[in-house]
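One chain, subunit A, appears in both complexes that follow, with subunit B as partner in the first and subunit C in the second.
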Partner chain A sequence: MVTTRDLEAHFEFECKACENGHCSKADVEKILAERKGLKDFYETFKEHIRECKRMTYGQYMFVIDREILPEAVLWWHNHPEFKETHLSTAVGTDERPLNGKFAFIPFLNVQVEPLNMDGNYWVFLKTYMPADDPSFPSVAAKLPAALWIEREVKDLLGFNPINHPDPRRLILPEDWPEGVYPLRKDMDYKHSPITEPKTEYRPTPKDTSLVPMGPVHAGVEEPAHFRLFVKGEEIVDVDYRGFYSHRGIEKTGEGRLTYNQILFLAERICGICGYQHSVSYAMAVERLADVEIPDRARYIRTLLLELERIHNHLLWVGIAAHLVGYDTGFMHAWRIREPVMWLVERLTGNRKQYGMNIVGGVRRDLLDYRKEEVLKVVRQIREDTKKFLDIALNTNTFIKRAEGVGILPYKVAKAYSVLGPTARASGRKIDARLDQATKTAMAYNEVDFKVPVYKEGDVLARVLVRMDELFESIWIVEQLIDQMPGGNIMVPIGDLPEYEEALGFTEAHRGEVVHYVMTGEKNKVYRWKVRAPTYNNLPAIPEMLKGYHVADAPIIIASIDPCYSCTERVQFVDIKTRKVKVLTEAEFNELSIKHKGVF
Partner chain B sequence: MEFDVVKLGFSLAGIIILLFLPPYLDGIARRVKARLQYRRGPPLSQTWYDLQKLFSLPSVRSTRSALFTWAPYLALASSITAALLLPYGNIVPINIGFNLIVFFYVILMVSVLLMLAGLTVQSAFSHLGSAREMQIILTVEPLIAILYGVMAYNAGSLNIARIIAHLHLTPSLVLTYGVLAYALYVESGFVPFDIAEAEQEVIGGPLSEYSGRLLGVFYYAIHIKRFALLWFFISVLVLPWLGTIATSIKAVEVLALQFLLTLAAYPIIAALEATNARLRVDQVVKMNTRMFFAGVIILAMAFMGW
Partner chain C sequence: MAEAPPYSEKLKSWDRFEAERFSRKAPITTPYPFIDIEKPPEYRGIPHINPEKCIGCGACANVCPPDALIMEWDKEHGVKRLTYNAARCIRCARCIEVCPTGAMEPTTRFEIATNNKEDLVEVVEHKLAYCEDCDEYLDFTERQIEYVRNILPREIFHLYALEDRIKLTQEEKMRRTVVKLRETEGNIYSTFILLNTREGGEE
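Now for the complex of A and B:
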């Protein structure tokens, strides 16, 4: 049995967080003494700090003046002792209905010591801006990791990052009118204005020609638009325009759904790492409600998260092989992966882990006789993957395409706050599973595993990191099955405190997923912010592409495993009658009957 | 002129083979690849079905250039001509004096037309593909020319039939076979050398703007070109050591041997394709350059009489 130290279990249907001093009402001096570095920060910026409080276990907030925002962020990011600290993301909130102000909160993942979840913590640097002048000095001018974050709040909330080096539109479509800000509370979620499209591409540099990769490109199955400026085949510079599939999920969630409904929206953010989003969101809300979820639920969640990692890494390595024309690798990787999907279908009723989570636990128990099956599948995968790697890593042409390509140096990786395997392939020793206190929602503190780190920073290193992780995941699954505790699988949450904020996070197979939740009245969510790892990894892509060939572009882009958050289905169109028929599940299954013994 | 039934028969057999076999060869390759990937794979005629479908569809023309329309047909004509220059049994349907040189050029024409067709449209991917095709041609063709030169010197002729009849075994010839296999494999554009038409990188390269019938014709031309190169290689590899082909029966046997060896070679090619990733064009240029110097050494050896 594990104690989640700070948080005690509360089964009463009422808010316990405030009573126990786990939220804003705790004593300041006591809070600052809790973790290393907090006091130093407080001393350095004393006269600009308006308020400091602990949001929940391992999450601290400083309300600071907007003038010192860049200095404060950089103080943490470039902290000489906390080497792996990074600017994780930021959220902008329209708090005018509450206090007449706008708020902008960068989050820093402070790493006092790598992989020490009780020593590391999150820092929220909240800054308020008056409603008539929502501007703040740009952090992006000094730290590329903030480039997108600030463009995002500019688009969605109309904040003005002063001196931002690249203040073009990022998220909203080209035909969205100026001056309409969807995430402001006075805008209805159904409002969808349209105007003349206006594109803001960077001009093509002198003596180069343009290769437009996307928005639809055979190599990158994602609506993303890379504009490669090339000399011959060499890439000189890159411009990026994305967010073609922006769905406004945050706006839909806010104010319209209850906290339990949002969970089901959260897991549909991504078709690949959906469960990571679902757990992150659930974790944030559980932190707010200050409940300890049952151990069995934590174990089942961890099990499913790791199964997700296993199948995603296999999926990814298949795609990588396909992109360099090594289709045999692709087919075999996906063949090995398929049993995991079948297994997950047995465990959750769904090939993806959809509908499995709930705030406070999980919805389905793991039946004991299925434990054997889980072990059988993961052991088979270990054997098959070993064979696969033996062949793939001995394919000379595959190695030639992956080695020394798309190198991302450590410094650049850190400056862009690159996450996950991409970061670990560049020598960053980070892994949100162990870095931050995931133990309130998952069981990573009770299993043993290594975090593989490579220094090369090329595509091959990213392949190797992922494959090492896959074996670690299998090892984690075996331990989880072995140690699976009994007991309940969920605990009721009760009412949420009003206007409190917390983060939930997991390490998806692409990097750290962060969900920020600010509660509203009546158990609704006032602000919900999702940050998928690709959001941090993608801005670093131009840095990886420069100097390499157009031929390398697909594999380099794919090497961060960009998230394809779109759904696809099969439909037949009769070209004569124009009738459209969408396949039913049974018909679809018939198309993919599991044939055996091809050889 | 004397009407030669035997010659007519063999020529007809040759024409039937060169027109109908190439898509089936591709079918074999697809099947073998599928098996290596633990899949069932499509029926052997699948490539034919694909072509049939493409032939029946109209093409979208994204340029006014006449070359865009004519290039596939010219490429098809070139590859058929190339295949007609090869021996079927002991008969060469078009037997003219220096037909090795003609063979070299008509095969090259397919690549050149592919490249030019890519340059007629305003598409970055087409242009990139054409540029890649050009780099590959520029580096592999000199190598092929040298190897043909070695064979011509060895046999003392530039006529394919006479080369086959007069080749004698020397160390340089053995090396030539090895390097020639590589060079023709590159020229055929199999993985890992399918760089110009790389789907994931340049969306089909020069073919990216082609559709329907024109695309089908181009594919057909490329299949025939691959067949011609393979048939040529097998002919120069095997036929010289079978002695003179005097009787028709022996000629039929030889034709059957050529046919079976061609069929047998395709699974090997498919296996190579399936177990490799695509190379980058600069890597191929480097490899070709190295092979070119190897070719020069082989040529020197041939002159020395080795």
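Now for the complex of A and C:
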């Protein structure tokens, strides 16, 4: 069994920075030999790589020239051996106060071997841009997964992705003036200018009519505006405008909070997967500070993460049943879910927003007599869910509406970097719990569970993936309670190192949550970037909707388990993007009317 | 009067009233606003400031993520004001963790809906310590000084001559240090002690 102590990052050597690969004197050859694929990348782009280093265990950074950014990203993404590699997201940073440059960092989840956390790693491709010309060649022109993120940095930081196929506003509201970039360091976090609203909807394609859906989604009860272009009953195309619940959380975190206060803000990004965000953020800071948290804290975190997954999947299956008109299922799913909420309330002090984390461990211990109650509740849930599924999956109302609807093929799922159960229902074998080294913050390496994968890619497959996962989660909870070690529940962190970067990640119920943290001076955070899984899943929705009926739209949209609040922690607005060639906006619009579908 | 059971026993024996109803399957909804709901003893409700224990150190205001706790100084009237606004509170209970005297008390109250926003605000005013030499109020409260007196061992108090210096402003303390330094010219040991005195006095 591997324990955290085995991590190389925690060995004590004379020069800790060298050993971690941060130091300029660190042996590049040695770092590149650590993981499969790094050496090949270095050889291929040798003359464009300025620097390479290991940020922390399993996270590598290459500083590359901006000209080759798309090639470098695609080299990893289309690597013939590393099939499930995906572009996770990218971060734009205003580093002008440090070195007078802007930085754009796409990062990839490189999967040498699926579900092998010691073989896989993250690759950061950092590109510096001069302050007077923050532009870079667009990756989105060749890879749809980068569509939103490049529009995001364009809105928030004023970067210019050259040849981006759809350079409309994504995040900022319509009444935000041009040329004001909120995430630049020279803007105060309280500043909020307003001008006349200016909407940029896509024109309705010829011979279609418009069915607006939103601005508030009927089933999920959150703001998102879908504009369905229909021919009769059939959906031909979709335009999306969201980011109505952008709250500027990242700016607030960078502007005035200390690193422990951000933890609670991170937990409030989402009402459902709050603890996942909290753990991700804590993990990023712990990686930075290079501390090893006690085993008991890792177990308690994992236990709560899995309890959260259980109640979320039950909540989701309830909503799915509700959206197809099977309200009995909705009532029963939520009835089954309620005891988990009660249990968590007693374990942590609240039904949601557990407030259990602190950087370096957890705040409340799990009292021993509670263990029996946890087991009692999860066993009850297993019984009840089995009974519920027995009935629900034999109900025609449910099956007929879910089967063969909203199909997302594997190739599209990969091109959009779709994550979580949505991806697993389309045959992608990914699960951030095992894919990447979560062992510093969570105990997934010490429990046994399977990752269910379905090939069908329709709504029913997404239901089944989630239900299989639910039973796996119950099994994980039972193992955790059984193996729970004793000892402390937290270690103090002390001062954070300055200007270090690290990534924290968990597998939320919808996919991988990623928190990128760059520290500043005096224990503050210089840059904090949150990427919720819906951010990657939502751009793929138009691909799922095309060709199905308007009546199927709510269930297809809900089938990715969208969470607009998490996605929109930074504002954005999107519209489905299509053809991918080098075009001006007008040409692009023209083309989008003529052509149908990219894939 | 019967003795209350210990807290740990209370934790074990507590059960929610809906649980029994839940096992019977139906009906499982409760007429909530018309009945009182008791939250479990572990529940993190809105905290409450106990003004008798509070010393006005501001540790809670420093850690509060949403600024529900604010510390204000009113030097003219010699008042330090700690304001708690339950409407801003996210119930993370960080203030309860960091409070040195246990003045932030946890409760299991969760219903804060009200017609009048002022109901949600708790204000604790502290008297600031007064420096008679400079005719000025200090940054810290009389209770903070009292607290320092109680926790510091007597010897340290005497060693750093805190009895005289604890109620002085920063400037006055520095001035006196300079005067003392001139007096004890060349004696490095006592200089060292006097320089450290400042830290002791500030708490």
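By our rule, the second predicted complex is superposed on the first by the 535 of 599 C-alpha atoms of A that agree within 3 Å, B and C clash if a C-alpha of one lies under 4 Å from a C-alpha of the other, contacts with A are read in each partner's own complex, and residues count from 1 in each chain.
Note that a contact is a pair of C-beta atoms (placed from the backbone, for glycine too) under 8 Å apart; a residue touches a chain by one contact, two chains touch by 3 or more.
Just so it is clear, the model here is predicted, and its values are computed rather than measured.
Visitor: Once both complexes are superposed via subunit A, do subunit B and subunit C end up clashing or fitting?
Guide: fit
Visitor: With the two structures laid over each other on chain A, which partner does A:428 touch: subunit B (first), subunit C (second), both, or neither?
Guide: Neither partner.
Visitor: Once the shared chain is lined up, is A:345 touching subunit B (first), subunit C (second), both, or neither of them?
Guide: Second partner only, subunit C.
Visitor: Applying the touch criterion given at the start, work out whether A:549 contacts subunit B, subunit C, both or neither, answering first, second, both or neither.
Guide: After superposing on A, A:549 lies in contact with subunit B but is clear of subunit C.
Visitor: May I ask you to decide whether A:414 touches subunit B, subunit C, both, or neither, giving the answer as first, second, both or neither?
Guide: A:414: touches no partner chain.
Visitor: Is subunit A touched at more residues by subunit B or by subunit C?
Guide: Of subunit B and subunit C, more residues of subunit A lie in contact with B.
Visitor: Look at A:164 in the shared chain and tell me whether it touches subunit B only, subunit C only, both, or neither; answer first, second, both or neither.
Guide: In the superposition, A:164 touches no partner, neither subunit B nor subunit C.
Visitor: For A:355, is the partner it touches subunit B (first), subunit C (second), both, or none of the two (neither)?
Guide: After superposition on chain A, A:355 lies in contact with subunit C alone.
Visitor: Just to be sure I read the superposition right, which of the two partners does A:261 touch: subunit B = first, subunit C = second, or both, or neither?
Guide: So A:261 only meets subunit C here.
Visitor: So, A:369: does it touch subunit B (first), subunit C (second), both, or neither?
Guide: After superposition on chain A, A:369 lies in contact with subunit C alone.
Visitor: For the overlay built on chain A, what is the smallest gap between any CA atom of subunit B and any CA atom of subunit C, in Å?
Guide: Here the least C-alpha separation of subunit B and subunit C stands at 5 Å.
Visitor: Would you mind listing the overlap between the subunit B footprint and the subunit C footprint on subunit A?
Guide: Looking at subunit A, the two contact sets intersect at 335.
Visitor: Applying the document's contact rule, which stretches of subunit A touch subunit C when the two form their complex?
Guide: Where subunit A meets subunit C, its residues are 257, 260-262, 264-265, 268, 335, 338-339, 342, 345-350, 353, 355, 363, 367, 369.
Visitor: Can you list the residues on subunit C that touch subunit A in the complex?
Guide: Touching subunit A from subunit C are residues 11-12, 16, 19, 22, 28, 39-40, 42-44, 63-66, 90-94, 97.
Visitor: Can you list the subunit B residues touching subunit A in their complex?
Guide: Against subunit A, subunit B makes touches at 33, 35-40, 124-125, 128, 131-132, 191-192, 194-195, 198-204, 274-283.
Visitor: Spell out the part of subunit A that touches subunit B in their complex, as residue ranges.
Guide: Residue list for subunit A touching subunit B: 209-212, 217-219, 232-233, 321-329, 331-332, 335, 391, 395-398, 400-401, 549-554, 595, 598-599.
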